[in-house]
Every structure is written in structure tokens, then in C-alpha cells.
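Below is one structure, written out as C-alpha cells; the observations come after it.
Going in written order, the chains are labelled A, B, C, D, E and F, and every chain counts its residues from 1.
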Amino acid sequence: MATILNENATLKDKVHWEPGFNHVPYMIYTDPDVYAEEQQRLFRGPMWNFVGIENEIPKKGDYVTNYVGDTPVIVLRDMDGAVQVLVNRCAHRGNLVCIAKEGNETELTCVYHNWRYDLQGNLKSIAFGKGVGKGATKTGGMPDDFDYSKNGMRRLRVETFFGMIFATFSETVEPLAEFLGDEMRENIERLLGRGMVLLGTYSQYMPNNWKLYMENTRDSYHASILHMFQATFRINRLSMKGGIKLSPGEKHHISYSIAETDREETEYDSSKLRAVKDGYTLADPSLIKSWREYDCGTTLAIQTVYPNCIVQQISNSLALRLCLPKGPEECELLWWVLGTPEDTPEQREIRIKQSNMIGPGGVISLEDGVVGGWIQRGTLRDQEKSTVVEMGGRGVAPSGEGRATEVAIRAWWKVYRECMGI
Amino acid sequence: MDGTANIAVDVRQRIEDLIADYAHMIDDDRLEEWPDYFVEDCYYRMIDRHSYAKGYTIGIMECSSRGMLQDRILALREANVFEPHCYRHLLSGTRITGEKDGVYTVVTSYTIIRTMQEGDMSVFSAGKYLDEVVFEGGEPKFRSRLVICDSNRVHTLIVIPI
Amino acid sequence: MDGTANIAVDVRQRIEDLIADYAHMIDDDRLEEWPDYFVEDCYYRMIDRHSYAKGYTIGIMECSSRGMLQDRILALREANVFEPHCYRHLLSGTRITGEKDGVYTVVTSYTIIRTMQEGDMSVFSAGKYLDEVVFEGGEPKFRSRLVICDSNRVHTLIVIPI
Amino acid sequence: MDGTANIAVDVRQRIEDLIADYAHMIDDDRLEEWPDYFVEDCYYRMIDRHSYAKGYTIGIMECSSRGMLQDRILALREANVFEPHCYRHLLSGTRITGEKDGVYTVVTSYTIIRTMQEGDMSVFSAGKYLDEVVFEGGEPKFRSRLVICDSNRVHTLIVIPI
Amino acid sequence: MATILNENATLKDKVHWEPGFNHVPYMIYTDPDVYAEEQQRLFRGPMWNFVGIENEIPKKGDYVTNYVGDTPVIVLRDMDGAVQVLVNRCAHRGNLVCIAKEGNETELTCVYHNWRYDLQGNLKSIAFGKGVGKGATKTGGMPDDFDYSKNGMRRLRVETFFGMIFATFSETVEPLAEFLGDEMRENIERLLGRGMVLLGTYSQYMPNNWKLYMENTRDSYHASILHMFQATFRINRLSMKGGIKLSPGEKHHISYSIAETDREETEYDSSKLRAVKDGYTLADPSLIKSWREYDCGTTLAIQTVYPNCIVQQISNSLALRLCLPKGPEECELLWWVLGTPEDTPEQREIRIKQSNMIGPGGVISLEDGVVGGWIQRGTLRDQEKSTVVEMGGRGVAPSGEGRATEVAIRAWWKVYRECMGI
Amino acid sequence: MATILNENATLKDKVHWEPGFNHVPYMIYTDPDVYAEEQQRLFRGPMWNFVGIENEIPKKGDYVTNYVGDTPVIVLRDMDGAVQVLVNRCAHRGNLVCIAKEGNETELTCVYHNWRYDLQGNLKSIAFGKGVGKGATKTGGMPDDFDYSKNGMRRLRVETFFGMIFATFSETVEPLAEFLGDEMRENIERLLGRGMVLLGTYSQYMPNNWKLYMENTRDSYHASILHMFQATFRINRLSMKGGIKLSPGEKHHISYSIAETDREETEYDSSKLRAVKDGYTLADPSLIKSWREYDCGTTLAIQTVYPNCIVQQISNSLALRLCLPKGPEECELLWWVLGTPEDTPEQREIRIKQSNMIGPGGVISLEDGVVGGWIQRGTLRDQEKSTVVEMGGRGVAPSGEGRATEVAIRAWWKVYRECMGI
């Protein structure tokens, strides 16, 4: 990873970030140069970017469009049945090759001048490439020395893991399995190993830098405080048994808890935390009805895969999320809400009811859609000032016990600074 | 559509009034009344048109009892954290598309303008309601209300029902 | 306007339904039905209010037969290249302004919210319909439908009729 | 709301027509007719919902006589300097909420799309009308019209009444 | 004021502004660097920023949110009854602490992780600051050396004057009374000395740089020309007795006139000025009915307090205005329309009717909401060119007599250049 | 043209464009510095900018507003009957002088302070320029040395050609006739020589850089491919007789074809081109009914006049278009749809029906409104990469025969690089 460990002198100069991961300059959430560099060093750096799930493209020729960072890509299954990811841009004059969000094509034809590519992105033909007419009357056409092989669509490296599709621009990044590491793979297998059924998708568009949302997902500290619903019904309280796992190198993380193990914790005395309301009962408790789905007893697991993918288990609610940067001050969160082929009708019903806790309208997670925007507004001025990320210390050692810590956030910035060279 | 052919004029009027009153109730922030517009054993669901066409079973909101509607409002009032804002419903083209065993199927287009406390307005949602209306004790009520949004995107969050 | 004074209530109702159904047909992407809302010898035209006031003879669209309406939809389905999107019609204040020899003149305000496939919404068009409605075999149909847009600007393109 | 229970159908219809015609009058720039929609001793006021709830006595506009309405239009036509633009009213859910001594209280939601002369459109205002309607010489007129805007913000200026 | 008199070399270079105050480069209304520097040198410079009125926060714990420049602040009355102004940002990760525009709180709690501050902005407690659990099983929490006293909310200096609340970031600025000077204080006392009753508030959002609106308010020259309504009914004509007052140092100004004293002035012959329409009479003259409210006979007084506050008397219509910058090309004008506790019902009625002259829908002042946008569009190109501000000469000497002068605008730019160091 | 041939070192550095015209860096469509420089070097450079048509301003005092690049201008007929083009900006403080899009004035009065200009833009009077009052009591007014003659509105050079109005900021550009050249003048005369009747106008607002639309109009290659409607009904196929004309210096171009001469062309076999649909017939063919309007037999002629004007003949549909830049990533296309005074009712009817092929809702040209936006999105990232413009070779020699070539696009960029000095 020599290339990315290269220090980024100009940016370093602009951001002047003191050493360590316990302070984050506000500027990092708004600066356009920082944003542009992220596209190169993170999303096109030594990362495996989540771009979709296999069962959206079951048949040969099926495709969906998505983004790697803010680069438009096509995710498809080629005629050999292999998953391919191509930059959605025609080599001719740069037109989007796939206009629709999804479809099925045996080849890719650009509508502008009908340049045709196969599903691996190789340029196959050019309309009137040989000109019009024959022999003497022949006119136009491409130069004889035009090299079709050098004018294909940009194709990314692809690997899949239990139905999740990952792509990378990097030639040097380690294989996906190694990139994820044992614990991350285990958690994905635990949740998706039974296969997946897509129960729903939606998008949440947020008025904040994408990193503010990623910090939020790495932030086990806020979970039971901001989301009163969660604390009140003991879906997730910091006093439950649980912890933070970090992959080697700290790229990825898992924050997990086990509901049955709630320790008595005076901090949850409602007089002290606004997060707990007394005498707050549901008219229809079926909303939070759940079943013990995993032997390990884990009832909550939020996993992030660097840079912008989230794997979610909240009780029996399973989802994948992708946080797409849309300029320095906006981002879009794509959701895939999942079930498994083994679900009984009762279990499926429970997953559907629990879906009321997640997404842009989820009684638990709707708050995550708005805090980022508030921070964006609160820090707009004083760009040179910094946040304080010191809960649980200033280091990045995983926390075997307890989640009243921001260690996973510090770890996120450690990786960020390494990759960005600042 | 001539589902309305055999529908008595006043029935039609009262169903249209139900749908109009529902919108005023939400826009006036009288949300505690929300569940009263439904029968006990009701269904309320919000999902985008694309997902609806694909038959996805999960959307933005899913309430399968009046109790869940009450809980939504309780959460909104007591638990959820968000910035004060209000809606303005615009309704258009309410049409009764059929009637069977006293259950009227009704379609209505809607658009919602959301206004934040500092004054910025935006088109928050557009789509249509697919309703099943029954008369309970002489009063029209929703047995089922599907909100089919044209967009799969929600800006920031959605906590006030549509 | 008291053009409605002598108009039978049900006639008015059926004309309002025609106009509402037309909007649902387009918003539901049942465009093949579009020509059926017009009589054979019909006229459909879209022009901005400023050009209309000036008496310009050319606007955004000009169809002077049901066949041309069919061809528009055929082109939309088979020939034209554009990004998937849908409309949501909002209708307001349908008023019958007169009647002569069975031809009802009707005005209705409209606004269209356009939603692109990736979810961004915008106010695509606002204006009014100036209609001539006749009853053909007992069914109300448009003999003429003028779409008078408030804006002379079209964002990107317009392929789905208004 | 069942304020409408005892309201004759045609009274309701005529009040709805009054409100629809008012919107067309403004959108068609027939502003000289504006005062005619009110009785002589009338009241017109525009204020945002937050200020209205607080009971502030001053809002965006205050007219306490038909003469003041006339003066507003005179100023608009003769004195005020602004960029040409037009409105498109969208009305929704007109409901008669009560009747007392021949005075009908009516609520209607509205949204206005403003189009500037160069073609840019925006959601200019959304809110509701709170009206008092009386019949004068058999004609429905506004005795009082409150425009309660959802937003406390006005973009640039407001010179055309809502 | 040594610090701000420092020359701003980079910006000076970019703007290359010829000496003097009779020309203003168009660039000053659009350049983002100029805008950013204003936030530091003006709004956080040696200025007292108007942020609201006391009777919006009568009780202990009452608060409203507002802005100093574009920095969000909380204006509140603490438990001792003192007015405080705090930057609306949590020391932890930068979240807005007060979300609602107004409310009442005995302490300030950030919703994200429940950090709690008292109403002076001192950090009082941190949720799980001591971690979760006790003794051996204790996990998480803040570092032992974390200094609460260094992690409060930023608190501004505050002074009030007849109900107007002013705040400053500056430690060095003179006291408010001195900052305002005698004439400015007298005018405020004249208008607000009887106490204030808040009759209404609204906002006007304008598509132009905030300084174009401030110039407009310092521009006694346009008043009776642009606003034909005003000229026609002799509410304000340049031929009336009146003048321009400038505070020592030219920061603030008052433009005033006395209606009874209209001199015969041929310029108002309608053939020459489009501002005067003949035979234009009101159907209901009660709109402009007024009473002689002040012994001095002043019927119009527009006062500006640097940088962006306006105190208004138009006949019997009293108002305070605050012009908030919202990026280089937009601004928001907040209005507080006032009466006094002494108003008789008749007087109150007159103030209400006269309110039709002001605000975004005011028959007089609505035009002020649009000219700025026209200038923004008219000067978008030719950024290096300049305006001509020479009516009444090129200097900044107050005008004891007459208001056909742009002296107050020149004075505004004099102060601007000093503070900005360009 | 010495001045513009000056190399633009900074920009050249930023864009690093390899020599030649067969590659265009994506950056050119988004960079704000490139955009700003275009305003100076193209739109204010040695160009005649189309700004409107004479019969929109038939009477003395008639005016319309428009833009040269993004500079607002007033196009008017002065009291001598001469056409004038003035920058729409008041010399005083920069306000737009004409607010309405069209009107009639005998002089121009700025609403802000009533500075008055004649229709040549000369400053005639300043309200209160001599102050208020007389003699001793006189106050205010402009300095005695204020030079009216130096404070007029900026007036451009104007020439007209068969009703088309052109204006330039340049003092050195050759006369219009020479600028256009023989072939360009001939085509305009062929189409507009009979005089013009304005049948309609509309605007198409596009989410892309203005140059992407200009490339599209110079792109004879896409016409019959993207626009299937056109190919299918043989309105324009590359296999028809036709060619590309370039003016000396390659500024302007004409792409023309003659329908009767369709060569058999296997490329149009529908199996190979998505642009041709079999068995696709019109229910009402009157839409494409046409008459032989020109002896030369030309049935399609798309002419561009540098930098952003288009003269169109599509069958019997005549139109002028102006592509206005609206910032780096947006543009607005203004249409003037025309007939002639000689049209018979039948011919007029045909023009009206054919108008369904053009404009934002035209079954043929609607696609041109969207491809630009797709390219903008497709090339947003990878700004340093380039398009391939090699159809028909890499040179800029006109193509006497055939239009399967991008020569006109290459020529456009040749002129662009010369003028921009990059």
C-alpha cells in the first residue's frame, strides 16, 4: 500500500490535523479538496467497495446501476454467469451506457452512437466504424489504427461473499477474505450464511457529509442515548453484555450486545438520562416481539466494512446499507432489508414488524438521519476547530467488554489518516 | 373507471370528506386523532411505487393494528428526536374504483409540502393513496390505507405519517 | 363564472371525473389509453401562457388527430430515448365555464411533480387545462385539450404528455 | 368535522366554487376583480401559522376594508416595482366547519407555485385559508379571509395577494 | 483594534480595490473568500451583534436560537435571570445543542450523547463519563485527565440596551454604550425607551449578498425614488427637512426626516421622476393615517447599527431588522415589528394598518427585497468593475441638511475596509 | 486576433490537454476557471454573438432582454430605428436597467435612483444630480467633475443579417459578413432570405455544460442513431447524400443531407443498429408530410455559428437556437421557430405539424436535451480522462461527402483552443 501511505502534503497543510485520533477537525466534513481526494485514496484505493447483492441480478444479462464513491458503475451478471462491475461510461464521448437503474441486456449499447460492448466491457463494434458506402464512395469511419482493445469500458476487480458483491479499482489490495478478516467474515456468515431474500429497499438522503453517518454507525455510545425507543425497551442498552470488535488494521468493526444480560446500571435512572421514559408502554407490543435467532444469543450487531458499508442485525431485523457520498455536504444511504429462505411465516412476519424500527421512518433509526445534518450546521463555521472523541480513552484497542466507548470511531479515523496520507 | 356508477352521491361525498379531513388532521398536528380514522383491525403501509410493483413486503412504515398507529404517535411525541416541521397535503382526483361487501376501494393522488421551522419548504413526497373504506356505526373509516410514494427516497427522515 | 348555473349536477360530476381519470391514467403509466380520452377528430396542444397570449401558432406539442396522439405514445414506447420518470398530477378548481351545442368548456389548474428513477423530485410544470368536452355515446371525451404552462421553460425534455 | 351535516348541497357547492373562482381570478391576473370577492366591510390577513398561534396582531398583510384591497391592487399596478411573475394556486380539501347566522366558516389547504418571467418555478407558499363566507344578494362572498402560511419566510417579496 | 487594522494582503491582492469609498468592486458581493473573511473580521471582530430582544425570553430558562453572521447561537435567560449568548454547538462532536427555535430549559442537554451544560454553557456532566459498571467490571468512560472546564460551550460577551440584546466574540471591543455613541443611543431610547411590545415577526429571504441590503438601508437617496408609494404620499421625500447622522468612526448611521417641512422641489415634478404619479389617491386613506408620536417631529428615521442591524421608524411603524448572511449570494432579513406598552387602542390600530407599508409584502419596502437580487445578476460578470457612490460627494462627512447623498454608504465601506484590512 | 492567441498558461497547466482535437478532457465540461475564461475569451472575444431577431423589436423603443454568454443585455431598436445592444446594467450601482423581458421605452430609466439613459446607452440625467434645494440651501448632488459621458451603459457593436441580430464586445473582430463567410451566409439567406415570421418560442433548460450541446449540434454522426424516429422515417440517414461544410478557419459549420438520395446501407439493417425499428408506421403520417421547399433539394441542414448559435432546417421546420451557458454544469437553449411571409396556409400547416419533431418535446430532438446531462454525470469523476473524437479521422478537413464523421466537432475544438489559448 506504499502508494497510499504517501503523505499528502498539500492537504495535510490545509487541514493541519494534530496527531492522534481523538480529535477530528470540522473541516474534514466540508472541504471540497478533502472530498475529491477521498474519491481517489479511499474509494479507488485499497478497498473492497460493496456495490449490491447477487440476488438482484440472478439471471445472465441482469444488471443494476450503483456507485463506487460517486463514480457511476454497472453491476451485472455476464453471459458466463460471472458478476462484473464496470464504470458506467462509454469510451467514446463519456455517455452513461446504462440509463435505467436495472434491466437485462446481452450486450451493452450506448444510445448516443451505438458503440457496443460485451458484458465484460470489451468494445465489440462501432456504428459506421468502417464508414458509409463501399470502396471509392466510402466516407467516414474510424482511423485504421484505432485500437478497440484499448477502448473498452473500465472494468473493476470483483469478489462476492455470501451474496454481497464487492468491487475495487485497486490492483494491489489483498483478496476480499483477507481484507475482511476472520471475525468480520464470521459475522457476515452468521447473518447471511443461510442465503438472503430481499424484503425491501429504500433510500435515505441526508444533508451531511457521508463520514458523519459512518461515525454514527461506529458510535456504540450514542445508540441507547439518542434512540430513546431502544433504551426504553431494552433492545440495546450500554449496560447489556457486549463489546466492540475491530478487524486487524482497524478497518472494520462490529458492535454487538446480548439483551438477556442487562446489568443494573444507575445511569439509566430516568432522572439522569433523557433517553429513558418511565411508564412508556406500547399499545401493540408485537412491534418489538422477537425470537432467539442465533445460538450466540447476540441480539444486536452493527458491523461496518470500510469505507461505507454497514451490515445490520437489530434483533431479527437484517439489513445491508451503503452510504454514498454526494458531494461534501450530502450523502445517500441505500438500504437492502433482508430475510432468509428458511424463515417461517411467523418469523417473516416478525421481521416485517421489526422493520418499523429501521430506515428513514424507523422509530429507532430515524434519528440517525438527522444528527449528521445538525453537526454539519453546528460546525459550518470554526472549520479549524475539532470534535472530542475520547470516550473510552484515546487509543484504538478493541473493547472486549462494554460499548461506552468511541474506540471504533477513533479506529475509523486512524485508517482514514493512513489512506488519505494526512 | 366507472366503479362509481352505482355509488350513492352522499356515500361518495362522505368518503371524500373522510380523506380531506384526514389530511387536515395531520397538517394541523392533531396526530392523536390519527388512529381514530381507522377501524381497530386496520392496515397502514407506506412504500414506494417501484417496490410496490415488485411486491416487496417491507416499505417505509408498516402498521397492522390501530395499536401500532397509537404507538407511532406516542413515539413521535415522547421518544423520537427530530427538528420541528409540518406538512401540507395536496389531494387530487379522489375516485372510488369499486365496492364489494360494503368495502369501498378508493384512489387519491397526493403531494406533501414540508416546511421546516426556519421556513424552508420542499416537495417532501408525492404519490397516491390506495384505500379501503368501510362504514362503522355509520362513520366512514379506513380499513386499509396504502401510501404509494413515487420516490424511493426520503429526505432526512419521516416521522409524521402521510 | 356562473357558466355552471344551468349545468346538471351529474354532467358536472362526470366531466370532473373525466379530468381526474385522465390524470390517474398518465400517472399510472397507462399511456396507451391516452387517445381514448379524446374524440377521433381532436386537438391537443401544449404551449406556455406567454406564447398563448401572443397568439403563436407553435408550442411544445401539437396533435390534431387521435392518430397523432397514438403516434406520440408509439414513439415514447418504441423510439424515444430518455431516463425513466413519472408524473404526479395535482388538479385544482375544475370549473365549467360554458356550454354550447353540447360542447362544454372547462378550465382546471394543474401542477406536475416529476420523479426521476433515482428519486429526485421537482415541480416540472404548472398551468391550466382549457378543455372542450363532448359526450360521445354517453361518455364524456375531450374534443380539445389545451395545456397552458405558466413557464416557457422545459427542464431537460418532455416526452410523457401532460 | 361534521359541520357540514346540515349544510345544503348546493350551498356547499357554491362556496367551493367561490373559492375555486378566487384562485383562477388571481392566477389569470384579473386582480381588479379581487375586491369583488369580499363584502364591503371585510377583513383580509396573511400571517404565518406560528405567529398566528402566538396571537401576534401583525402579519404580512392586513386589509380591513374593501377599499384597502383596492389600494393594494392600485399600488401593485401603479406604484410597486417588481419582476413579472405569476401564481398557480392548488387548492385541497375545502371543508365547511360550521354555520352561524348565515356565516359559514370554511377551511381550505392551498399551495402556490410561483413562476418568474424567465421561467423558473418554485413553491412560493403553502398553508390554509380560514374563511368566513356570507351570501350577499344571493352571491357568496368573503366576509373574512385569513391566509395562514406554513412558513414564516417570504422569498424576495410578495405583492400579488394569495 | 490593532488586530483588525492588520492589512489582509491576500484578499487585498484579489480584490484590488482603489483607495477611497466612492467605488465598490462588484466582486465584493460574490467572492467566497471575502465572505469567509467577513465572518472573522466583522461578525467576530470588534462589533456588538444584535441577536434578539429581551421580551422574547422573559422567564428564566427561556431561549431562542439565532445567528451571529452565520454562526448559530442560543440566546437565553439563565437561572440568575441574566441574558446569555452561547454558540449553538456541543463541545463533544459538534451537534446543535438546541434544535427548536425557542423553548425553555433549566439546563442544556445535547440529544446525541446527553452531554449536559448549565445555562452559562459550562459542561456539567457526560453520560457514562465514568464508564459502565463499577470497579473491576467498569468499562468505557472519559479519560481521567479530561478537563470539563475546557469543554464548555463557547460563551459570548453580552450587553443589552432598552430590550435589544447584543453579543460579541471580541474581548477588546469597547462597551456597548460607547460602541453606539450618543446620537445612536438617543434614537434607540426615543423609539424603545417606553418599552416594547412584540406585534409580529417574519422573515424575508433575498437572493443577494447581505451587504447589498445594508447599502440599501444606508441609502437615503433611493428611498423616495424607488418607493413611489412613499413619494406620492409625502411619507418621505428628499425635499423634506432631514439629514444623515453618523456615529463617531462612521460605523452607525441615522437617516431622518420631518414630514411637515416639505420644501418645494421641482425634481418631484412627475414629468421628471417616475416616482411620482399624479392623481393617485387611496380608496381607504386609513392605511397612511398617523399621529404625531414624537415631540421632535421626526416622521422617518432609519438607523443602522454596524454591521447588520436596523432600527426603523416609518411614521408610527416601529421595527427592528437583522440581515443575516446566508452564503455569498443570499441573505435573510428577520423582522421584529413593535409597539409600546403605552399604545392606546387607536394607536395600536394605526401601527397595525401602517404595517402594510413594511416587510416582504409592504407597499413601500417590498422593493428593497428585490433590487439587491437585480444588482447581483447585473454585476455577476465584470467582477473587476465597480459601482459609483458619489452622490453628495466622495467624502464621509455627515450631512446636517438633506439626504440626496450616499455619504452613509461611503461611511459604511470606510468601516468595512478598515475592519477587513483591504 | 493577437490578443486571444495569447497562451493561457495557468489554465493550460490546469487542463493539460494533449495536442490535437481528437481528445477532449472531461474537465473542460465542469471546471469553473475554464467557464470564467470562456466568458472573456469566447463570448467577449472576436465573436459575433447571436442575440435575437429583428421582428421581435419592429417599432422604435421596442426591446427584449437576452444574454451574451452569461452577461445580461438589452436588445432594442433606438429612436433612429437602429438596433442597439447594451449591457443590462446601470452605471450607478449596477442594477438591471430593464427588468421585464420585453417592452417599449423611449428612454431607459433605472428604477433604483432614476438615472436615465437614452437608447444608445448615454447617461442623460441623474435624479437630484444637482442636489436638493437651491443656492445656499442646496444639499447633495453629484460632484461637479462627474463625467456623464464616461458613465453610460456599455454598448456593443451590432450587425444584422437577414433579420438575425449579432453583437460583439470586440473592437477588432472582422465585419459580420466576413466572420460568417460565403457558405454560411448563403445558407442563412436560403432559409431566411424570404423574411421571417415568428411562429413560436420556447426554452429548454439542460443539466449540462453548454459545450456538450454545441458538440451535439456539430455531431452529424449521432443524428440518425440516437434519434430513431429520424432514421426510421428516412428524414435523415447517414446513407443519404450529404456532407459537412466548414467556414474558413473552421469556426462555423453546416451538416446537410438530401433525402431523395438514400444509398443502400447495410449498417441500417435493424439487426445491427438499435436505431431502426421494423414495421413501425405512423397512424397519422401527416406529422412527417413535407414539400420540396428548396431547389437544391436539401432536406436537412444544421448550421452552427460560433460560439453558440444554431440555424436549423429539418425538412420544412425552420428554427434558430441560442445555447446560453448558465454556470459550468447547466445551460439554457432558446428556440425561435420560424415560417416565412410567403407560406401558403398548407405550408404553414405543415410547418406546425413538423414542429412536433423539434424542441424539448420533439419526437426527434428531445433526446438532445438529455444526452448532455448523461455525459456530465458519466464524466464527473476521472476529470483528467478524455473523450475520443476520431470518427472520420483526426483532422479538420471538411467532408464533401458523407457525415459519418466527427470532423465538425474537432473543428469546433480547434477554434476553441485557439481562442482560449490552451
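Basically, a contact is a pair of C-beta atoms (placed from the backbone, for glycine too) under 8 Å apart; a residue touches a chain by one contact, two chains touch by 3 or more.
Just so we're clear, the structure is a prediction, and the values are computed from it rather than from any experiment.
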| item | value |
| --- | --- |
| For subunit C and subunit F, chains touching each | A, D |
| Fewest touching-chain hops separating subunit A from subunit C | 1 |
| Identity of the chain that, by mean CA position, is farthest from subunit E | C |
| Distance between the centres, which are taken as Cα means, of subunit D and subunit B, whole angstrom | 27 |
| Centroid distance [mean C-alpha coordinates] between subunit E and subunit C, Å | 49 |
| Between subunit D and subunit F, centroid-to-centroid distance (C-alpha), Å | 43 |
| Residue list for subunit F, restricted to those that touch at least two other chains | 99, 111, 203, 205, 226, 367, 374 |
| Interface hub residues of subunit B, defined as touching at least two other chains | 81, 83, 90, 92, 111, 117-119, 123, 152-153 |
| Chain contact graph, described as a line, ring, star, complete graph or other shape | other |
| Those chain pairs that satisfy the touch definition | A-B, A-C, A-E, A-F, B-C, B-D, B-E, C-D, C-F, D-E, D-F, E-F |
| Subunit E residues within the subunit B interface of the complex | 99-101, 111, 203, 205 |
| Of all residues in subunit F, those that touch subunit C in their complex | 198-207, 226, 228-229, 232, 277, 280, 282-284, 286-287, 332, 337, 348, 351-353, 355-356, 359-361, 363, 366-367, 369-370, 373-374 |
| Residues of subunit B defined as touching subunit A within the complex | 46-48, 51, 56-68, 70-72, 74-75, 78-83, 152-159 |
| Interface residues, subunit C side, partner subunit B - complex | 17, 19-21, 23-24, 27, 86, 88-92, 111, 113, 115, 117-123 |
| Sites on subunit E touched by subunit A in the complex | 39, 69-72, 87-96, 99, 109, 111-114, 125-129, 131-133, 137, 139-143, 146, 151 |
